[in-house]
Amino acid sequence: MIVIDRVRKVFPLAGAEFVALGDVSLELADNEFVTIVGPSGCGKTTLMNILAGLETPSGGRALVDGTPVAGPGPERGVIFQQYALFPWLTVRKNVEFGLRTAGVPAARRREIAEHFIHLVGLDQFADALPKMLSGGMKQRVAIARAYAVNPSILLMDEPFGAVDALTRVRLQEQLLDTWSQERRTVVFVTHDVDEAVFLANRVVVMAARPGRIVEVIDVDLPYPRTEDIRLSPAFATLRNRVWGAVYHQETPA
Amino acid sequence: DGGDSAGSGGDTIKVNFGYIADYNGTSLLAIADDQGIWDKHGVDVSTEVFTNGPLQITALGAGDLDFGYIGPGAVWLPASGKAKIVALNSLGNSDRVIAQAGITSLAQLKGKKVGVPEGTSGDMILTLALKKAGLSASDIQRVPMEPATIVSAFSSGQIDAAGIWYPLLGNIKKRKPDLVELAKNADFADEVSFPTEFVAGNDVVSDQKDKVDRVVAALREAMDWRAAHGDEAIKLTADMLHQSPDAVAADAANNQMLTTAELDEYTKNGTIDKWLTGMGEYFVGAGKLPQQVDPKTYYLGDVFTGAANK
Amino acid sequence: MTMVRQQPATQAGTPQPEPRRRRTVPRGVLNLVSVLLGIGIWWLLPTVGFHDIPAPPEVAGRAWELTVDGTLGGDVLASLLRVFIGFVLGVVAAVPVGFLMGWYGPIRGLVEPWVQFFRTIPPLAIIPLAIVLMGIGETPKIFVIFLASFLACVIATFQGVVNVDKTLINAARVLGAKDRTIFARVVVPASTPFILVGMRVGLGSSWATLVAAELIAAQQGLGYRMQNAQLYYDLPTIFVGLIAIGVLGLLMDRILLFAERHLTSWQERR
Amino acid sequence: MTMVRQQPATQAGTPQPEPRRRRTVPRGVLNLVSVLLGIGIWWLLPTVGFHDIPAPPEVAGRAWELTVDGTLGGDVLASLLRVFIGFVLGVVAAVPVGFLMGWYGPIRGLVEPWVQFFRTIPPLAIIPLAIVLMGIGETPKIFVIFLASFLACVIATFQGVVNVDKTLINAARVLGAKDRTIFARVVVPASTPFILVGMRVGLGSSWATLVAAELIAAQQGLGYRMQNAQLYYDLPTIFVGLIAIGVLGLLMDRILLFAERHLTSWQERR
Amino acid sequence: MIVIDRVRKVFPLAGAEFVALGDVSLELADNEFVTIVGPSGCGKTTLMNILAGLETPSGGRALVDGTPVAGPGPERGVIFQQYALFPWLTVRKNVEFGLRTAGVPAARRREIAEHFIHLVGLDQFADALPKMLSGGMKQRVAIARAYAVNPSILLMDEPFGAVDALTRVRLQEQLLDTWSQERRTVVFVTHDVDEAVFLANRVVVMAARPGRIVEVIDVDLPYPRTEDIRLSPAFATLRNRVWGAVYHQETPA
């Protein structure tokens, strides 16, 4: 269980203070799949970083299973908005990185890495360096790397932003598959309202200036989510509700 | 560590000996080694080459060397108690005050740029020469320089005069054959001599008398051999230094090697004390010694002459 | 052990962390502690067998004497001037040369062997040549120091240029920038961290070369004073010189760091 | 002027360009040209007034003599060994120390003043102290060289650590890496370019310090040979020494560069 | 007029050769708006880089107005997939960069920069450094920077990928607005099929392994493109045609 309790985050900006997050509160049950949508700059990444333990709140606190987040840990996997691959390691070694720190023996490591590299469709590039990959391919390596350590909480910051629509659909389905098989908590940031609804138990809608949660929308569609569900009227209704919540805010700037 | 592994009697004693790679500093060591003199006196000498005297004094103090060799410029170090002189070796005759063509007397150095390798015999002879000409240190533009630097500076006309010595002076002459020698060691023979000497560490002298005796005896024997075999001594030295015999011969020609007979005589009749006192005076004047020191406290004349019978 | 690094942040260039410093002791205090510790050890040395090493009070006394009679002030001024001029000239020359080497292959091919060659040559060996070429005034002294800082800095700059993110150079080029602009407005800012390494190392070398430089007919200066003192085995004066050089070097380094912090505040640093 | 840099590429880490080299002359040829040019200038020097400088044939002759009688070989071996050991020890010590300084604030606070202080102290001034502390064997010689390479390298490593992209450190931390792993598997590879600068500069300093190191009762070695030759103003031998040092330094630098190219092939370099 | 004439691009990969582009040919009329869609890794970025003059083809040639592309130039503006902001410059200075190299006087420069910063909604952040911006905000700075130099050819590589849906719509409309007013040639890579159709005169559909053009679809919808057009059946038809062209290829991997 994740508890976000009146979390504030203030950055100094041009001499003044910029409130990136103003008293955000949210509770996530174990094994929930929550998506976060909101306009650019509303604090989504900041919130993810606080949950990951990479940033400390200026006020309030974030608790995971009752203990305050004090730093990052392998039980909370993170997919960064900008991939953060290790440029000196091949795709395979990147994916194996977390397994090595966890002390997984070499043979097993390789096996796991193969599996996830295949999952994201990069078999042919297993021994390529990041500099040889396209934008979308890099993003997929980052996904495989985070999946490989099998974290119980997965924090994903626009993970499918740079891949094409078909790959995206495939990745969505894979993610839901694994999630339903080995239950874990997923927090998933996206700009795509359809994606947000399609994946989530709940959609968290944020707004900017100050960064805050304006609405939390329950998605009571059944799993597994199929193409049929995507085309259903219930989906359309939810989709429109989320859209409305995001974009019929007073627009900033 | 110092060679305190010494037993007495027939055991061989290990000795660490520092030297400088010129004829003065090397010839005796080359001879003693070649002629088996070390072995004869039961010492196993390993030689360590240095580029100057003060570093050897440091190493003596640290116990890394037992003996060393210093030139006249470093005599103030034993005088101030850092080491003991166990034997004199030669009298330097190679120092000169030189000037560019056109300068004909010491008096004309007034206001001129004069290169000085500070703390060396070149420095000494310049100081003495200026004193003789009635000039003070501030009457000239003293330009402190490394010895080798003086060669290039003088040759390229960057300085007007210098206190320098052979063999470096030989190199300058090749380029400036018309340079003028304004003063030489002999000019000050009755005031100051320029002896080179062998020194021993204070601890060695106080704790390992046997070692000192053997080494001094060996040096004496080598001195006698050197006096008797001038050319061969040069050749042996050149071999040890990987230098051409010509260069070493030129070096040797500018120095007066002392014999044991002379040294015993000079020790007895006080000549050596006079030399050392003269140098002490100079060093006091130059500010290196706070006050005059009695040579008896640092020149072990008894040890030197006493070793004759061993 | 308190970790400063704990203050974590986020992706390449997204939010900047508010420091989560659990730092209990400020840096300055630590520096002071460290210096005091060093002086303590120094004080102990003579008592544990290193009788040659003068104790701090003796050195302080000598420093006082030298200060009162004006020698130290003159020496400091003379040396500082030489090092400053030589160092600054070295850096100023190294940055464009390093850039040219990193940028234009042929220049690199022509210049690099010589830079590498001269780097390995001890300043002492250059002095006779410097005297022949430049006389015995300030020029050769400054030149030797210049060389030391130049050679350290040029390699660092070169490496910095080679390591500049190509993306940024491409971005500048598609915005119409030509080589000169790219140099001044992309390569130099992007390789500041490298240039800074070069400057810091070069500053050290400059001071370390001072003694050699002042072998060239110096009338005063800390290096000259130390050398002179060495002849006289005057260890307290040598120590005064060493400490003066160390302190001046440290001060200049702090100024560099201060300047750097302002120049590279755009970086996400730890 | 042909620009090697022309080979452009693309975004941070997307496609790697196939070189669009209009390079007509390969690097090696340019190096050779440059060296020949240098020798040419050297040959001219004695004829335009620098009569002191021995001409190349004279130096070559001396080099031949020294080679034949085995002196040069012995000297090269002795010096190479000293520089190699001192240099390697310096680098090996500098990398972790630089890391600790960059990573743990307190260590930085404690160590930095001393690193800076010792950087400014000329090796010549350290020698008496080294003799007192370590005698006149190989230890003090290697120590002086060690110090030179350590001090250059430690600053570079430190700066490298400070400049490591925080994103990568964060990525490692969320994958469960602790400080030790982050050091070995993120910080070291990421700061390789900086460490390399330190190593190259340090290598130069090591060689440049050799002459000073071999003041300490060396029986052979290039620095010793040069010093000795100075007593007789034997310039050809001095030049043989300088050139030998320069060439050895250059060779070691090439080896470094070669190693580096393999270690940092992951980088997009220009 | 841009002519891409049998352009090939081969990269070394794991000892073998990887054909990123295999004999791609295409002609673009002046003032055309062409969008490129295709699966991740099919060579879109590579093609853009060749047009920009940042990469040289391994075979074939790219001509702009009859002369082969020999390097980058300010008449061809590029928005990079990964932004490539100058981290040491503020948002304003980043936007002004191209103007400075063009020698625009300071006052005018500032005016133009203000205008484009406002256009992308970053007024409040004009003096912020890139590190203080969110992912979407950085992308918008890159857009403003490319717009500011007013290039006659605009090469945009997934320029709206990191911004939220509403901002995206706004940016699309702005882009079309300026494009219709001051005509220029635009080459626009996107993963969003809707976006591709909505913006383009022609949609170029690429496929991977080897990277190639599989279809070029003319979009004969009138400009200005309005919300009505987006909802029109003609749009839907085109959209489906593009989708089909992209995704009913034999899928790689």
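Per-chain residue numbering starts at 1, and chain names A, B, C, D and E are given in the order in which the chains are listed.
The criterion applied here is as follows: a contact is a pair of C-beta atoms (placed from the backbone, for glycine too) under 8 Å apart; a residue touches a chain by one contact, two chains touch by 3 or more.
The structure displayed is predicted, hence computed values, not measured ones.
Chemist: By that same contact rule, can you tell me which chains touch chain B and chain C alike?
Modeler: Shared contacts of chain B and chain C: D.
Chemist: Based on which chains touch which, give the shortest step count from chain B to chain D.
Modeler: Contact-graph shortest path, chain B to chain D, evaluates to 1.
Chemist: Which is it for copies chain C and chain D: same residues on both faces, with over half shared, or different residues?
Modeler: Both copies, chain C as well as chain D, present the same residues to each other, with over half of the numbers appearing on both sides.
Chemist: Looking at contacts between chains, which pair has the highest count of C-beta pairs?
Modeler: That would be the chain pair C-D.
Chemist: Using mean CA coordinates as chain centres, what's the chain D-chain E distance in Å?
Modeler: Taking the mean C-alpha position of each chain, the two centres sit 46 Å apart.
Chemist: Report the inter-chain centroid distance for chain B and chain E in whole angstrom, where each centroid is the mean of the CA atoms.
Modeler: Distance between chain centres, rounded to whole Å: 83 Å.
Chemist: Mind pulling the chain B residues that touch 2 or more other chains?
Modeler: Within chain B, the residues that touch at least two other chains are 58, 61, 148, 151-152, 155-156.
Chemist: Provide the list of chain E residues touching at least two other chains, using ranges where the numbers run on.
Modeler: Expected reply: 11, 45, 53-54, 71-72, 80-82, 84, 132-135.
Chemist: At least two partner chains per residue is the criterion; list those residues in chain D.
Modeler: 8-16, 52, 128, 132, 167, 170, 173, 267-268
Chemist: In the complex, go through chain A and note every residue touching chain E.
Modeler: 11, 13-14, 37-41, 44-45, 81-82, 121-125, 127-128, 132-137, 140, 158, 161-168, 191-193, 243, 246-247, 251-253
Chemist: State the interface residues of chain D toward chain A in the complex, per the touch definition above.
Modeler: For chain D paired with chain A, touching residues are 11, 13-16, 167-168, 170-178, 181, 185-186, 189-190, 264-268.
Chemist: Quick one: which bits of chain E touch chain C in the complex? Just the residue numbers, please.
Modeler: That would be residues 52-54, 71-74, 76-78, 80, 82, 84-89, 97-98, 100-102, 129-135, 138, 145, 149 of chain E.
Chemist: Per the contact definition, I'd like the list of chain C residues that touch chain D in the complex.
Modeler: It comes out as residues 1-5, 8-12, 23, 25, 27-31, 33-35, 37-38, 50, 52-53, 102-114, 116-125, 128-129, 132, 151-152, 155-156, 159-167, 169-170, 173, 179, 193-194, 196-198, 200-201, 203-205, 207-212, 223, 226, 230, 238, 241-242, 245-250, 253, 267-270.
Chemist: Taking the touch rule as given, give the residues of chain D at its contact with chain B in the complex, in rising order.
Modeler: Contacts found on chain D: 51-52, 69, 71, 127-128, 131-132, 135-137, 215-219, 224, 227-228, 230-234.
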